[in-house]
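Take a look at these structures.
There are two complexes below, and they share chain A, which is joined by chain B in the first and by chain C in the second.
Moving on, here comes the complex of A and B:
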């Protein structure tokens, strides 16, 4: 368990309250090296596991010769499907019941290059690595489909549940005076967190302790419990800090099962950290996508129809959908609409979630297409967006709870200086630099799962907050301290926050940008309950100095209790606790609705996503919104693109801590710049190998690639969206960045690049 | 990574005799060697650490030449005021190479001997066929992913790009590689792949690089290094050019010009045809543009790297214009 003490250095006392710009309270531990990341633990007797992966993309393992590896120095076990202890199948995150067939994390039948087929466990990491190279695998190879562009891949399977239609989209398109039609593509992209995935597993009898970076402690602990057939309570998962996840650390993965099984077989703690190269194949990133968008419009740019057909790649064994219609169907008002989507199985690891899955490539398509329409009809790109502004959710036909997108266009355009834009492409230039301005909007839905939290007021007047929820850098520790401090009425430095341990009160997944809203809601509720109890104690306890006042209520402020009627100095919380002989006041509260309050549903709420409300459950449609304004400079001869400046205006509702929210937005924007200009998994079509599976060759932006980023919050509290008024933050920032850059590149050069990334070879 | 024995050489002689032993590799900054050992490309039995040898890390400059010790760190040489003044292209090439952390570790000798970034070369577990690693085994890159591979100097055995920046600047200015007493012109030091891409340079067994010397010249003093890549920093060159120029008394006539290219060839590529076309002519944009095309004479692409043939002459042209215009 990790306890982060608030040691706030504040210029302004208001920083400690909700809405204050308090710096991250886990920051000092991180920059001084005190923060103990999961993989830095060294339980007594720990040994090391190294994975052996498939060198082919398709076929089957005929045999494994482990003789040489088994004889190598330090080797304790070469685990193969033949000698591994059986593992049970587990319920998945959608609550699909497990099959009776055993779960086999080591594959015999190969569906992608890099699939785990054996593991070597040795006393040291180096010994395990050396021995893993000695494992000989004999294959029977079958033809492989390398990716979405492989001719053998075909069109894939239609996914009817993704179809969104209203009006007569095809008829209206056919009759529209203006029609444009283009295909937009995004490549395979990877999460590449700096902290690799991995775990340390230790068994004591039938109790399992796992140290592992996790975005969802209870979800992963449940999977482990079911895999190894032990009660949920017997799994302790510890995830004090997380060195980046971006969606990839939410679910238990094959390598986790392998390490835990090895620890069980050897009776020793086992550490398994995937290598950098394996971070490209031990789990999937964003699948490659393609989408064709047809827009029908009047001559003055008003949309009459949108027809979209899209596809994303998936693995041979599982269907992973990257919903390409998610933004297309809500961004603009159109009387006629059709969106259909296929998935195309190829020989890849199952793709996963990467920051704003769905919204991100969806926005790339529609936000480029609307820009193309703007040039086609000769209207300013901001203007055409306002002209087609959706006053309500055009798909759900419900009012927006809040949609401050107009305000975002206005604030962003003003701060950026959009009015200086010359309408014609390739008309702004400085020496060899072609200058382009681009704009694009983005959105991310507000998802809602009930939460739970424990708040304690201790005898010394300090406060503790506890949840199994996690902080992966987004600021959970900090905003929970702020929430509790404000609700109870203590200075923020009096609050300690405990997170990242499955023995603490349960929490749903920290993903889908839902976590800050749901966990502040739960902490707020628990903290108010604790405060009420404290006040009750002060009013009613025979030993309380307030007893004689006969007050209905009391004020708690800055750690001091006082009466609204009495002008005296008040009494500190610690003194009240002491005088009344209380060691602690404790409130465990959840925000579950009545019908989910039984133990079974409570468990389901925190270990599956089946209780998560969609953005349109209820009377309103709930979304965050943003607009990005970009200036690019493209070298006229080289085709190199540099982002010279960016202004983004964002509506995430109320910000619990603007400093941290801005930093989340900027992180997303930086990832978006990488997506637009650099990132692409490059696969050798002959064997499905990801060729740039390292950070020297898979390019993410460096500081030099990032200009000053200006972000402007245009949100207002939205209490339809969450108890405290916040909307989605973490995944919003990246959405719309790539199309804004692509649009700016077109404006600079007159060349429309519709497939990411926009590298120099596409512009020369 | 295989176990190896580790020795720290106390003197140059000790390093020399160690270098002569089989399966032995020298360790300087280690930024190439350790990396390659981890991917299973370098499998030394003995590693001889020369990074602490005395007397090999200096930078000396007199009227005639600069002499840079083989163990001088990249960052140290890049910052050296005399190098910046007399050989700006060398300083700029170093500044734009790798990352600050690597430049603080890596040495000049090690930098010259860095290996190609060909992904097939670096992945022996998956790709057994690589003539550079294993002569006669074939070349996985010829029909594979080769966007960054060479369009000049390749052979049917290997098209791997020489990735470094410094050597390009050194090639432009006729540097000498000091192998103890023997000195080899840098252009002869690096070999074309031909049928034996595993033989990359003219060092004999038991030799070590002790220093680099670069003759001073007006063209070296008026020089620049232009590196073009998708990522602004910390990426190898898609194409680069080291250019130095000397203009006559009239301020217009090109009396001397030196040009070398990087990122597009199997070794640092001296563009003598461009030099010859421009030497003695007036400094004039159209002529420079025309002559720059000669930089890629004989280039052969493999599809994905075709853009380099368009790009390289433009990089040369821009570098010449930039340095010619800067008075």
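Moving on, here comes the complex of A and C:
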């Protein structure tokens, strides 16, 4: 458990209130090297596990010769499917009951290259690494499907539940005076948190402690409890700091089961650090996608029909959907619409969630297509978007709660200087640089799950906030301190926040950009309850100095309690606590609806996603919105693309801490620049292996790739979206960046690149 | 569907091992090192193949230096050796005996004022998850000392050996610019 205290604050006192620009309260620990990430613990007797992975993409392991590895210095165990202790299957995050078949994290039957097949555990990391190289594996290899483009992959399976249709999309398209049709593609992309995955597992009897970076402590703890057949309460999962996740650290993974099993078999704590190369196959990132978009429009650019057919790759064993119709179906008003999607099984690790799964590639398709339509009919790209503005959710047929997209276009265009754009492609130039301006919009839904939090007022007048929720850099520690400080009426320095430990009150997944809203809501509720109790104490306790006032209520401000009628100095919280003999006031509150307030549903709420509301549950359609304006400079000879500057205007509703929200937006935008220009998992068609499984070949943006970024908040508090008025932040920024850049590149060069990333070979 | 038996052998191990009379030795090629880290003399006994990064993190309880790739590709493990920035994952512990090693933990003593680069990182929110941050800060201190913080573009270039997947780059540039001013 990590307690983060608010200190080293600079700037304005108002920064501490919700909405203030307080610096990260977990910052001092991070910048001094004292923040303890999961793999930095050293339980007594800890040993090291290294994974052995499949060299083939399809087939089966015939046998494993572990003799040499077992004899190597320091080796304690070579774990294979033959000697591993059995593990039970677990309930999944949709609450699907587990099968009776055992769960086997070490595979015998191989469906992708890089699948775990054995693990070597030794006294030291170096010994385990060396011995892992001595494990001989004999395979029977079968033909593999390397990826979406493999001719053997075919068209895949249609997913009827992804179909979205209204009107007569095909009929209207056939009759439309303007029709365009293009295919857009995104490659396999990886999360690449700079902290690789891994864990330390320690058993004491039937109690398990796991140090592991986690976006979802309670969800992962439940899986571990079920895998190893122990009560949920017996798992303590600790994750006070997470070195980035971007969707990849929300679920328990095979390597977790392997390490915990090894610790059980050896009776010693086991550390398993997934190597950087293994992070490309120990879990999946964004699957490769392709989509065909047909737009039908009038001659003046008004949409009459959108027809979309898309597909994403998935693994051989599981269906992972990257919903390609998610933005297509809500961004523009159209009377006729059709979106259908297939999944195509290939020999890959199961793809996962990577920042804005669905919205991201979906926006790439529609936001490029609408740009193409703008050129086709000769309208400014901003104008065509406003012309087809959706006044209500065209799919759900519900009003938007808030949609500050017009404001975003206006503010962004103004700050960017969009009016200086010459409409014709390849018409702006400086020396050898072709200059292009591009625009695209993005959106991300507001998801909602009930939360829970504990707030304590202590005898010394300080406040504690506790949740098993996590902070992977979104700023949870900080905004919760601000929330509690404001709700109770204490200076933010008086608040300590404890996060990242399964022994604390429950929390749902920090994913889907839902967490800040739900956890501030729960902390706010608990803090108000604690404050009410404090005031009640001050009014009613015989020893309270306020007892004789007969007041109905009191004011708590800056840690001091006073009467609204009294102009005196007031009494500090600590003094009230002391005089009334109270050591603490404690309020544990959840935001569950009445019908879920029972033990079973409470547990389900925090360990599955089955209680998460969709953005259109209720009377409104709830989404965040953004627009990106980009200037690119393309070398006329070489086709190298540089993003020269960007202005983004974003509507995330109310920002709890603009300083931190801006950082998250920019982080998403930067990941979007990487997606547009650099990132691509390259699979060897011969053997299905990810060839660029390292940070020198899978290119993520470096500092020199990123210009100054301007972000503008155009949001207003949206209390339909959340109690405190915030909407989605974390995943919004990336959505729309890649199409804005692709559109700018077209404007600069006259070359339309419809498959990411936009590399020089596609431009020259 | 299977087409015959394919033998795929993993490559042979690179190291050599010490087997004495068939008895497995728990440790391999241990060496004792005396390292000068953050102004303190530290003794450590490790295998010869142990990197400076793993010596710090696994044997010396100095876990502020991070492992992001173990291959010299991310910069998370940046420390100073004799005042120069060095990737500790590509440096053997045995190589730096007799050198002066500085890590993030030595930049400002606990309880003391933050180093100007640390303070600027906090003020400008030049990090999110914080995992790349010790490496960024050690690089930034060296970048300024090298005289490579003269312009934003120069800072970007000389800070590009440190990846930040959270995307704190513009704020890192702000922080380095400000700290450079303060330190000049």
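Definition applied: the second predicted complex is superposed on the first by the 763 of 764 C-alpha atoms of A that agree within 3 Å, B and C clash if a C-alpha of one lies under 4 Å from a C-alpha of the other, contacts with A are read in each partner's own complex, and residues count from 1 in each chain.
Operating definition for what follows: a contact is a pair of C-beta atoms (placed from the backbone, for glycine too) under 8 Å apart; a residue touches a chain by one contact, two chains touch by 3 or more.
Not measured: the values here are computed from a predicted model.
Asker: Touching A:251 in the superposition: chain B (first), chain C (second), both, neither?
Answerer: In the superposition, A:251 touches no partner, neither chain B nor chain C.
Asker: Output check: A:293 vs chain B and chain C. Expected answer is one of first, second, both, neither. What do you get?
Answerer: neither
Asker: Counting only touches as set out at the top, which of chain B and chain C does A:241 meet: first, second, both, neither?
Answerer: The second partner, chain C, only.
Asker: Please determine whether it is chain B or chain C that touches the greater number of chain A residues.
Answerer: Touched residues of chain A are more numerous for C.
Asker: For A:142, decide between first (touching chain B), second (touching chain C), both and neither.
Answerer: So A:142 only meets chain C here.
Asker: On the A-aligned overlay, A:696 touches which partner chain: chain B = first, chain C = second, or both, or neither?
Answerer: The answer is both, since A:696 touches chain B and chain C.
Asker: Could you tell me if A:518 is touching chain B, chain C, both of them or neither one (first, second, both, neither)?
Answerer: In the superposition, A:518 touches no partner, neither chain B nor chain C.
Asker: Would you check which partner chain A:510 touches, where first means chain B only, second means chain C only, and both and neither mean what they say?
Answerer: neither
Asker: In the superposed arrangement, does A:42 touch chain B (first), chain C (second), both or neither?
Answerer: second
Asker: Identify the partner contact of A:678: answer first if only chain B is touched, second if only chain C is, both if each is, neither if none is.
Answerer: Only chain B is touched by A:678; chain C is not.
Asker: For chain A, which residues belong to both interfaces, chain B and chain C?
Answerer: 55, 126, 130, 133, 696, 701-704
Asker: Would you mind writing out the residues of chain B in touch with chain A in their complex?
Answerer: 1-3, 40, 117, 119, 123, 125-127, 140, 143-145, 147, 228-235, 238, 306-307, 310-311, 314-315, 317-318
Asker: Flag every residue of chain A that touches chain C in the complex, lowest number first.
Answerer: These residues of chain A touch chain C: 8, 10, 23-24, 26-37, 39-40, 42, 52, 55-56, 59-60, 62, 71-75, 123-127, 130-131, 133-143, 191-196, 241-244, 246, 273, 275-276, 472-475, 659-660, 662-664, 666-671, 694-696, 700-704, 706, 708-709.
Asker: Quick check: in the complex, which residue numbers of chain A touch chain B?
Answerer: Touching chain B: residues 55, 113, 126, 129-130, 133, 432, 635, 637-640, 642, 677-678, 682-684, 686-687, 689, 691-692, 696-697, 699, 701-705, 757, 759-761, 764 of chain A.
Asker: Mind pulling up the chain C residues that touch chain A in the complex?
Answerer: It comes out as residues 1-15, 17-19, 24-28, 47, 49-50, 54, 57-58, 61-71, 73-74, 76, 103-105, 107-108, 110, 114, 118, 121-123, 125, 127-134, 137, 152, 155-157, 159-173.
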